[in-house]
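Quick one: this structure, given as structure tokens, is what I'll be asking you about.
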């Protein structure tokens, strides 16, 4: 697989949110308006690319036994750096994202890419993978946020849309609306992808960073 | 004080439910809610880990990080503590109570990356939490952790019941699987809206 | 196995150390910026109303509900308040930031939370700029919103006067002295009612003349040496008290007699004319048969609603004033030596230009029937409860109380 393919697969075929169903918490929580969604996407992108880079560099040094804690430390470090920089230079977005900014640490996308890709591939490929996944994440977030803000608040990026302002569906900006729009979006993606392949059936262990440490067989046996 | 505690339990379980209104811990909520017994096991494990994590991280933040001006290490320290804690609990259960490990153990590694746990640890240290004057702060934080976990368990178990029904239904092809699950979650979350303002108005 | 574990620990620890160092490095860069941002965000709203302020300090105190915060500029340019309207038209909270400078003038009012018609907020804000505590010219009662803002601003001023701890302006000090010098000079709502008047005949030392709107006297500011005195002159034209602007009673100090004389001279032309007018009215009301029958009695040592006392046949005639519902009322009681009310009449006359003829609103005949023949001790509040209007009833009571007090002083003294 060449670098371009690595980059592109994250955007469409293996979109982390809409296809792999990772990082659902921030996808639901910070998409009530486009501004926060863009902030979150940017923060996650920086962390994703940098941690992919660092981990692929360190992949031969880190012993297999402690790799997960090492990845967590590296990721948490980058998250905190981004958090501090955002607090200092973009205080408005910082307060809009709230606790979800530091919760990027436990975003499955980032740990998942570290475990599944960066720890097995070279630096350039890992960066490409990071960029691709970041764009895929951003597309999903912005799409969600656009639907929720335009129809829920009658605005886009904080700018009011005159006509829609009078016909908003405020529930879309609150929690149930988040679940609903997310479901709708995945259904749309399924519709398009189903022509090429069977849509992903369910949430599962695929892509979950803890899949290896968790006795996957137990998990699936239990599910039977 | 007693009133404060009742209010925090009511709010965390019903009004500000971690899963349904704050969007924390969505992955396990959607991933491990296919069967009621699974959902219950996961929920209990989350309550345990939330309380243990708060028990450890709260004093660390208040008496170590704050005291030495190292607040910026919060995220990194907390996540490591939680990871180590989960690991220890798993090892302990495996050796001492193998039967419990068999039923709960498999969920534990998943909880390390459950943002609800880190979320509880951080939220229990916010200004709002630390200014409830007439309740000992640490007790308040522990009750908060317990209540948040309880809310998670409630959401999991309720939703598992809903999913049992969905399994028997036949939605449009594009909605099969995940989308219909999310739409149902949306309706469950909508139902929880009904609890808005319950705590404030009960104790007016 | 052992070697593996050791290596794992070393790697993990060194990664932790490197990350920790990186974080402390970034923190040392961002921490000061964050701190600055936070304080700027907290003070930004206050800077809008006090643009020259350096840093804001919290003022702690027991504030009313509508005053949420009070800040003091450490640089001394004034005070800022976060206030909240109690009720606005749409019933949603109306929040404002208010700046008041050291002279007590409003520097700026900014409405931060406004639920009503967009665009109106700026109009409201403009109304208040440059006003002082009295908020004159701010039209009251036009809309719910103006009233809500006014009430909140008033509350802020109360807090300002209590906590601001700045030198009060002479004007404020003077206003506070009104109540000390002329406690009876209140209008129907209980507020002190004075207005500035001019006099061509006033000596140069008299810098300000404030006439009681009831017509029961004047408060004058008079310069004496390097001091500004505040002198009360009653309806007899007598300067009965002297205060300095800081509220110290100097009445007993003979060195200010010249200033007293100046104050008495300032409106000298008025007092006699007023008396003549009252006497003329007493003639038309049939209390006396001719002006010569009334002999002026000196009652000038105190501030009172009683503006004139005459010795007439049958006793002493007391004339007093108060503001009723429609305007001023002037009443006259004739009380004999035994303390019996011989006659009662409502005089309504235009002694000063701004007075209106509302005295006839009193049920004069009923009062007269009710009061005549009663003794001073007999008259209770119930006796006076005849008139239909509460303000007027109240005014009648106020007049009676002062007349009773005057009678207690004068009876036996003037025989």
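Labels A, B and C are assigned to the chains in the order they are written; within every chain, residues are numbered from 1.
Following the convention adopted for this analysis, a contact is a pair of C-beta atoms (placed from the backbone, for glycine too) under 8 Å apart; a residue touches a chain by one contact, two chains touch by 3 or more.
This structure is a prediction, so every number in the text was calculated from the model and none was measured.
Here A-C and B-C were compared by C-beta pairs in contact; the pair with more is A-C. Each chain gets a centre from the mean of its Cα atoms; the one farthest from the centre of chain C is A. Put simply, the C-alpha centre of chain A and that of chain B have 21 angstrom between them. Averaged C-alpha coordinates put the centre of chain A at 65 Å from the centre of chain C. Separation between the centroids of chain B and chain C, computed from CA atoms only, is 59 Å. Residues of chain B found to touch two or more other chains are 72-73, 76, 80.
Shown for chain A are the residues that touch two or more other chains, namely 69, 73, 76-77, 80, 84. Residue positions of chain C touching 2 or more other chains: 16, 19, 23, 27, 31. Here chain C touches chain B in the complex through residues 16, 19-20, 23-24, 27, 31, going by the rule given at the top. Residue ranges on chain A touching chain B, taken from their complex, read 21-22, 24-26, 28-29, 68-69, 72-73, 76-77, 79-80, 83-84, 99, 102-103, 105-108, 111, 171, 174-180, 182-184, 186-188, 190-191, 194, 199-204, 208-210, 213-215, 218-219, 222-223. For chain C in complex with chain A, the touching residues are 4-5, 7-9, 11-12, 15-16, 19, 22-23, 26-27, 29-31, 33-34, 37-38, 41.
Chain contact summary for the complex, chain A toward chain C: residues 58, 61-63, 65-66, 69-70, 73-74, 76-77, 80-81, 84-85, 87-89, 91. For chain B in complex with chain A, the touching residues are 20-27, 30-31, 34-35, 38, 72-76, 79-80, 83-84, 106, 109-110, 112-115, 118-119, 122-123, 172-183, 185-187, 189-190, 192-193.
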